[in-house]
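Scrolling down, you'll hit the structures one after another.
One chain, chain A, links the two complexes that follow: it is found with chain B in the first and with chain C in the second.
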Partner chain A sequence: MDMEVTELGGNVTCIRLNGRLDAPGADRIDTRFTVAAVAAGRHAVIDLSGVTFVASMGIRLLISSARGLQKKGATLVLFGAPEQVQYVLEQAALDQIMPIVANEQRALERLGV
Partner chain B sequence: MVEAASGSAGASRLQLRLASDCEALEPTRQAVLHFLAPHALNPRTIFNVELVLEETLSNQIKYAFSGAAGRSIELTVQVDADRVAMRFEDDGVAFDPLRARAPVLPSSIDEAVPGGLGLMLVRKFAQSVDYERRDGRNCLTIAVARA
Partner chain C sequence: MNAPRTVEGLSRQDMAAILAVTRALAAPFDLLTMLAEVTAAACRVLHAERSSVWLHDAVSDELVLEVASDIRQVRVAVGTGLVGTCARDHQLINVPDCYADPRFDPSVDRRSGFRTRCSLTLPLIDHKGQLVGVMQVLNKDRGVFDASDEALAEALAAQCAVALARVRMTEAMIEGEKMRRELELARVVQISSLPSVMPSIAGYEMHATFLPASLTGGDTYDLSVIDQGLLVVIGDATGHGIAPALSVTQMHAMLRMAFRLGADLETAFRQVNDQLAETLPASRFVTAFIGLLDVVAHRVRFLSGGQGPILHFQAAAGACLAHKATSFPMGAMPVSTLRPAVEIDLAPGDMLVLLTDGIYEYEDPDGVQFGVQRVEQVLRSYHREGAAALSGRLLEAVRVFARGAPQDDDVTMVLVKRDAAP
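For the complex of A and B:
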């Protein structure tokens, strides 16, 4: 699992993920992801279009980061998940606790940016 | 780390013995994928098999042996006309996942709890889950329907 961090207009952190968000993948990026997503306390959008697989450890990483941002008054939005990844996220009810939208534009709209 | 007891690409059954160690997850996954490749399974089936494999083995590695080193897990993968069956065996602490309480799905970020997600995903993506404790061994059989 690899990640790329950029800053979008409106002071939003964008993290693009590529690869498997399984236990080894989540472990590989855990600290960097959490720091990038949460530390600054800015809204963050997570590009899942390059994610080929997701399991519970990956989902936990997303939940913990979303919770960390919420405590700082900011929001985490997921976007672009491939069909099977989207389905797993929905089965885990992740769509009930954080926004999961189709693309980057929708993610920014969701943040009001 | 991972030993093949039997089964090659094209055979209907694969048997592996893997160390109860997180480092064994990826080689095991690769061995199973190599075994499944000639069966031309639907990508959705492969995805579901990988999910069950990841969640079940992760839990076994974490909890079956209470951190003791040098223990192993036996995995058998069987491909049938309508399903892929996986059998996970270990001689660790007795644990029947069918008795574990299913987590309540959260409706807010504050309600999201870390435990139970892996088992819940296995139940949702498997066609069947069967457990028995026999001769001091946990024997868990999980079938994934072929899409």
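For the complex of A and C:
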């Protein structure tokens, strides 16, 4: 599991994830992801198009980051999830905690930037 | 113990207060902390001036007062005074005017300077029917204790008795290396909340399997007949170590209490979720399916916080219908708008199949997960077998698939099967 952080305009951070977001994957990026997504309190859009697999520990990381951002008045948006990943996110009803949209443009629209 | 009574007209605040106690009691191992929780909660919920918990000393057959704000270590023989009488008879005693009751012993008042007006005294009976202590609540604000106070106090007393029994059990275990010990204790608490026998309901067969992983995991399940129907629960707290085992135990205890207090599915779900959201750290939550089966209408109504897929095996079609969670994992945040409960009609031979991700995410040596499709395949092949046999088939399929790869998460399965048409 790799991650790449880009600062976009409009107070938004984009994090692109690549690989398996399972227990070892989530462990590997845990602190870096939380710092990048939550610490600054900017909105975050997470690109899941390179994620091949997500398991419960990955979901945990996404939820805790979304909650952390909500407390700072910012929003975390997921986009680009492949079908299998989208299925797992929907099974856990994650769309009720954070917006899950098709692509980066929709994600930015969702944030109104 | 008296049969639990539903508390009519219980306010949201009162239910929230009781669930807060239930959560607190499911966690601490330390006796004094636990007693302080109970007495503070009793005063708050029953609007009383003072409360105390007397512990039964089986050796001397006395009751020992461990906690009260200004007095300590008072001993009373079983059979003496209101507390002793309550302990002897195992009966609740509601006295509207203590000084007019010959059983009342005013000497404690004389020592503490407190003036007891009215009292409610309840036995604390553990799950084996043994007396573990007596809870006493004094002086209701503006009046005397009524029948609804009695029901609330009984609900608290039941929780307190279980917590006390657990404290004593865990105290007896405190030895050895700290981390291992704490993990074991968390496991004891977790496992002690699971039902020991399956309910027996004509026309249905059910089976639950719980295989704890060695160190981590936080699964739970429940299958029990309550006023609202057959309660079916499966839950999984995220994370490693002691905390998930405790979070899931807290959720389990709060749910049981909410339903016991007469809550419907939606109220129980919302209240437990919101309590967990308030108290769990950001990285912790519990996925849980909570369903009620009406065994006459053969209909399951459920809400699921992050627990999915929920499989409905339809015997006529020979296939599974998979349902998603109705909302996010419990405790992740407060519920603002609750989506409606999902209803499943169970036709003859149909099954409700609930599995935690210990099954779905069981990995073989190549990192491939067992997944939903393999589960469905087993169900299709063996659905005519009984629930217990079918559970065995699922485990066997996982074992073969794993090719010796170790189990690193709790594995829990709950199967509820309606009998096939004769």
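Here is the rule we use: the second predicted complex is superposed on the first by the 113 of 113 C-alpha atoms of A that agree within 3 Å, B and C clash if a C-alpha of one lies under 4 Å from a C-alpha of the other, contacts with A are read in each partner's own complex, and residues count from 1 in each chain.
The working rule: a residue touches a chain if its C-beta (ideal position, glycine included) is under 8 Å from a C-beta of that chain, and two chains touch if they have at least 3 such contacts.
Predicted model, so just to flag it, every value in this text is computed and none were measured.
Q: When the two structures are laid over each other on chain A, do chain B and chain C clash or fit?
A: clash
Q: Once the structures are superposed on A, label A:Ala92 by its partner contacts, choosing first (chain B), second (chain C), both or neither.
A: A:Ala92 contacts both chain B and chain C.
Q: Scan A:Ile63 for contacts with chain B and chain C and give back first, second, both or neither.
A: In the superposition, A:Ile63 contacts both chain B and chain C.
Q: Which segment, 73-81, 91-99, 109-117 or 397-405, is the chain C region that clashes with chain B in the superposed model?
A: 397-405
Q: Would you please give the residues of chain A that touch chain B in one complex and also touch chain C in the other complex?
A: On chain A, the overlap between the chain B and chain C contacts is residues 22, 55-57, 59-60, 63-64, 67, 70, 91-93, 96-97.
Q: Across the complex, what residues on chain C touch chain A?
A: For chain C paired with chain A, touching residues are 236, 238-239, 282-283, 285, 287, 304-309, 324-329, 332-333, 339, 357, 361, 367, 369.
Q: Under the definition above, what is the set of chain A residues touching chain B in their complex?
A: 22-24, 53, 55-57, 59-60, 63-64, 66-67, 70, 84, 88, 91-93, 96-98
Q: Can you list the residues on chain A that touch chain C in the complex?
A: 20, 22, 55-57, 59-60, 63-64, 67-68, 70-71, 90-94, 96-97
Q: Using the touch rule from the top, collect the residues of chain B that touch chain A in their complex.
A: Listed in rising order, the residues are 22, 25-26, 43-44, 47, 50-51, 54-55, 58, 105-112, 114, 117-118, 120-121, 124-125.
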